[in-house]
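Here chain A shows up in two complexes: once beside chain B, once beside chain C.
On to the complex of A and B.
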């Protein structure tokens, strides 16, 4: 990459835990063409981790990497992508990335690093202390066995109150694949905990006193940031409020923009009435309340405030204070999280007194956050809880674990919806206690194999949400028809992509979405309403490509793909359009390297295709269409037998999905027969070396 | 300012210290006795000279007022401060300080009541008090580099005069002076010439630019300070505070 004057911190830290060697590499020189984040992660795995390496072997590496825009004032940055061979990917570990927000990314940049590559294995528990240029591997034997909270507090005592600590809990230490690394109370990356544990790495603590230079004119930078703020919606870039407001033309009950004048942070001291106008930029932080969105209006009275990542005005990690749980369950009365992390506890139960938004449900969430975020247990987007529900209520579980163990578990609490059940079950998982704790901690793939349950049993049951390779769907056909389904086939875990769903679920009427779709993807036919699908067309394939490319771009720039892209806005005067070039405008100003939207998208595509190449190499198989891009059986069925392309069903048509995959491979420039990139596709993206390596392994499709 | 007689200085100093009504010299001295005890104790009469600088500066017209119940800990204020003023995203340089309280609150891990994200969920924003006379940072500066902005009255560092000695940092009881390692100059809240960037940037309306009030009486000090007063300034103090 040509010289850049800003954005990058400049160095990548490389820590070899086997030898204790600590080195620095020049980010731009070595990895600049791949920006950062997953781009660097995939490159390191491609260059340095040979196929066949086990996820928990010393040869696996962990790449914590942020990006050019992390640590700046660009709204919705703050992300760290953590790339490694994923231990929950089944039947063999393949490349995957977990993503955490919080304050880690900014702090790492201020310390002078764009990323950290962790390699080898320490001979005893250690943690890494990073204070600007001073980096040390320190003894963590006194921290081993403690939860994330205690580990964080002890490290903060050693480093200082303003340090940011990313730590694993007991689950990671015990090499439970379903485990996380966590920073800033609640910001976790799934799948990473056990890989850190396998390296005897308890935590990374960071303090930084430096800054990120903005190459461009500061007044222009300020104008662009203010423009970005003006086109922000609520969480997930939902651009209309969830209930009517006189200032808004539209509203949509499904919108995550739930906070508006009239609502109240009831547990603030004193309680705080949200006031001002709906679109006031000094009120953006009130728009999101994950408590209220997921747990209902009853959560407002427990809301202390919104919290979230450095620099993000959308505070999606809601802090709740529920005094009753202190005496009832012996836990702290304050907890915070968002989305799947917030409902972790509730999701275990089939029935809860008062229903899924009642007081008991809220208490279950508090207990779940308290335990999971300290033990460092991962739910794999609710797959852990859905697996247990299916195993228990179908009677399978009773046949798989011993009678004595079965009798020792408080199933009465499970059935009656008593949150105290979590105090029993979650430590079992984190400590690998008993057959059940051990099996659940493996993740779905490992569990099914261990108990000789055919994968199809899960794949045909829509209630499991199971997709493939041990992982669930994530915004698939239930949100976005063929586009969502295509996206769910592309990764080795759930896809973690929100580019597509953030558009179709943005709350605008379909007619407005179609108008915007015509501008962005060339045709109004690029979008359907969720649950009211039409047959596949080329514009949907183009949108799937755009979604994946932007996902990788965001993950490599330090931006949040849970919020972006920002192609729609709440602004009626703009016809509700956002800005499709925002990322490249920020990138150009930050680095001083003028880069167009098309040029930056090409880099995003390159990163995505590098992930594809890594997957092909490590599978040793180019038949991606047949053996990687799989779609579970439940997608093609409807419980009520509703025909496809009928309003009210998310059922997909088998023939139509064949066409959808072919169109997608087509727009990617890949071989439609195998679904593998061609030599030309690699060459177009500057990946000739990758192509040659794969050709030597016979993993590039022949020219037709 | 240096040519005024000391009798004229008293009402002016009283105003600069936040007293709005006319008060007697005696009352003024009693009220400010605590603040200047350290200066009087230095016993540096020998350093008196005819051209000693007068350290009483005009009071600020406004300041940044924080509401912790609204703060969401996003640090957009810190980033607006440094990006829009300095062209760098560097919170260590920010003249409003939130990050240091986000984890555990201002008392840190030694506080009996843990604040911040790991404690009670409350975030406290630290802001410059634009102190009344005696202004600790201004008084401590041996170069006279800290002055009142002619428009806002904000206490501002004149980067041309600042020599980077960092004595002002040691003097601020609220630890609000930042130091730019790159330029080797101190920097502090200058109210963005009357249009504070942090206030504009706050997504929850948790900070406001309000008419000046004396927060030095409301907010407990964050750190213990090293009282170093340059000799010629100490003389100036004694002009009013010790009867001859």
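On to the complex of A and C.
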């Protein structure tokens, strides 16, 4: 990459835990063409981790990396991508990335680093202390065995209030694949905990005293940030409020923009009533309340406030204070999280007294957050809970664990929806206690293999949400027809892509969504109403590509793909358009390197294709269409027998999905037979070296 | 010249009254406008030369295109500024005097535009603010009245009741969308 004057911190930190060697590399010189985040992560794995390496072997590496927009004033920027060989990817570990928000990304930049490459294995438990240029590998034996909260507190006491700590809990220490690393109380990245544990790495503490230089015109930078704020909606870029408001033409009861004048943070001290205008830029933080969205209006009275990442006004991690849980379950009365992390506890139960939004459900969430966010247990987007539900209620579990162990578990509490059940089951997982704890902690793939359960048993059952390789779907056909299904085929874990679903769930009427779709992807037919899917067309394939490319861009720029892209907005005067060029405008100003939307998208595509190449190399197989881009059987069935392409079904048509995949491979410029990128596709993206390496292994499709 | 100036001042005053009301989430009818003029010191509104509030509002609409008129369900004309008070919200305010029409038209609009069924409980919340017995009475009236026969409901697996208009949504699709809204979205974070 040519000289850049801002955005990047400039250095990548490399820490070898085997030798204790610590050194720095120049970010721009070595990785600048791949921006940061997953771009750096994929490149490191490509260059340095040979195929066949085990996820928990010292040869695996962990790359914590953020991007040029992290630590700046750009809204929604606080993301760190953590790339490694994923221990839950089954039947073999393949490249994957977990993503965490919080304050870690900004502090890392302020300390002078765009990323950290962790390699080797320490001979005893350690933590890494980063204070600007002073980096040390420190003894963590006194922290080993403690939960995330304790470890964070101890390290914070030592480093100071302005430090941030990313730590693993007992689950990671015990090499439980279903484990997380977590920073800033509740911001976790799944799948990473055990890899850190395998390296005897308890935590990374970071404290930075620097800043991030912005190369471009400061006034223009400020103007663009103000504009970005003006086109923000609520969480997940839902651009209309959840109920009618005088200032809004549209509303949507499914919107995560639930906070409006009149609503009240009842557990704030003193309680706070939201006031002001719906679109006030200084009140964006009041729009989202994950507690109220997921747990119902009853959660308002327990709401202390919102919390979130550096520079993000959305504050999607809602802090709840539920005094009753302290006496009832012996846990802290305050907890915070969002989405799957918030409903972690509730999701275990088939039935809860008072229903999914009742008081018991809220208590279950509090117990779940208390345990999972300290033990560091990962739910794999709810797959942990769905697996247990299926195993128990279908009677499989009883046949797989011993009678004594089975009898030791309070199944009556499970069935009756008593949150106290979690106090027993989650430590079992974190400590690998008994056969059940051990099996659940492996993740779905490992569990199925261990208990000789055919994978198709899960793949046929829509209730499991299971997709492939040990992981569930993530906003697939149930949200977005063929576009969502394509996206769920592309990664080695659930795809963590929200570009597409943030658009289809934005809350605008279908006609407005179609108008925007025509502007962005060339046809109103690029988007369908949910559950009213039409046959595949090229514009849907273009939207799938756009979604994946933007996801990788966000993961490599330090932006939040749970919020972006920002192509829709709440602004009536803009016809509800957002700005499809926002990322490239910010990138250009931050780095001083003028880059168009098309040019930046090409870099995003390069990063995505590098992930593809890495997957092909490590699978040793170029037949991606047949052996990687798999679609589970449940996608092609409907419990009520509703035919495809009729209203009210998410059922996909088998032949249409064949066409969908071919169209997608076509817009990617890949070989449609194998689903693998061609030599030309690699060359177009500046990946000739990658292509040559794969050609030497016979992993590039031949020219037709 | 002076008379025209005076008239322009009154038009401005009327425009400001409508703007203020919209900002406060209210629609303005003729009666309220006249009262506002009086309270703001317009002295000649009862004099022989006063052209009438209707005529003045026609002129005001021509001079201030951001103001719109709405034909109320009560038959009177109401004024508002859509930039400050959305058309959707204005129509909800207007229909609040008739819970049956309020519910039916809101259900129809949602079924047609988004498309989606509406959770019954939304009518208890602001700005609908209907009491449970008003909702029950309205549902009964709709069930017994030919012009509302398109308004019907589905129940989700967790007991949520969702209203939809069969003019715009078939029952199967409405049931799918209701289940998605009531169960699917929360289980699919």
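Here, the second predicted complex is superposed on the first by the 704 of 704 C-alpha atoms of A that agree within 3 Å, B and C clash if a C-alpha of one lies under 4 Å from a C-alpha of the other, contacts with A are read in each partner's own complex, and residues count from 1 in each chain.
Operating definition for what follows: a residue touches a chain if its C-beta (ideal position, glycine included) is under 8 Å from a C-beta of that chain, and two chains touch if they have at least 3 such contacts.
Since we're looking at a predicted model, the values are computed, not measured.
Engineer: What does the overlay on chain A give for chain B and chain C, a clash or a fit?
Structural biologist: Because the two structures are overlaid on the shared chain, the partners are seen to fit without clashing.
Engineer: Classify the contacts of A:29 with the two partner chains as first (chain B alone), second (chain C alone), both, or neither.
Structural biologist: A:29 sits against neither chain B nor chain C.
Engineer: Give one of first, second, both or neither to describe whether A:642 is in contact with chain B, with chain C, with both, or with none.
Structural biologist: In the superposed model, A:642 contacts chain C only, not chain B.
Engineer: A:103 contacts which: chain B (first), chain C (second), both, neither?
Structural biologist: first
Engineer: May I ask you to name which of chain B and chain C touches more residues of chain A?
Structural biologist: Of chain B and chain C, more residues of chain A lie in contact with B.
Engineer: Which of the two partners, first being chain B and second being chain C, lies in contact with A:509: first, second, both, or neither?
Structural biologist: Once the two structures are laid over each other on A, A:509 reaches chain C alone.
Engineer: Can A:220 be said to touch chain B (first), chain C (second), both, or neither?
Structural biologist: A:220: touches no partner chain.
Engineer: Which partner does A:702 contact after superposing on A: first (chain B), second (chain C), both, neither?
Structural biologist: neither
Engineer: So after the superposition, what angle do chain B and chain C open up at chain A's Cα centre, nearest 10 degrees?
Structural biologist: 80
Engineer: One more residue to check, A:343. First (chain B), second (chain C), both or neither?
Structural biologist: A:343 contacts chain C only, not chain B.
Engineer: For the superposed model, what is the least distance in angstrom between any CA atom of chain B and any CA atom of chain C?
Structural biologist: Minimum C-alpha separation, chain B to chain C, in the superposed model is 20 Å.
Engineer: Can you list the residues on chain C that touch chain A in the complex?
Structural biologist: Checking each residue of chain C against chain A gives 22, 25, 84-89, 92, 113-116, 118-119, 122, 125-128, 158-159, 170, 172-173, 175-177, 180-181, 183-189.
Engineer: What residues on chain A touch chain C, complex-wise?
Structural biologist: Per the stated touch rule, the residues are 243-254, 262, 294, 339-340, 343, 347, 355-356, 382, 475, 478-479, 505, 509-511, 529-532, 642, 647-649.
Engineer: What residues of chain A sit close enough to touch chain B in their complex?
Structural biologist: These residues of chain A touch chain B: 71-73, 103, 106, 109-110, 149, 152-153, 156-157, 161-163, 184-185, 208-214, 218, 221-222, 225, 229, 265, 268-270, 272, 276, 280-286, 304-313, 315, 319, 321, 334, 336.
Engineer: What does chain B use to touch chain A in their complex?
Structural biologist: Spelled out, the residues of chain B in touch with chain A are 69-76, 79-80, 82-93, 99-100, 102-104, 108-109, 117-123, 181, 200-205.
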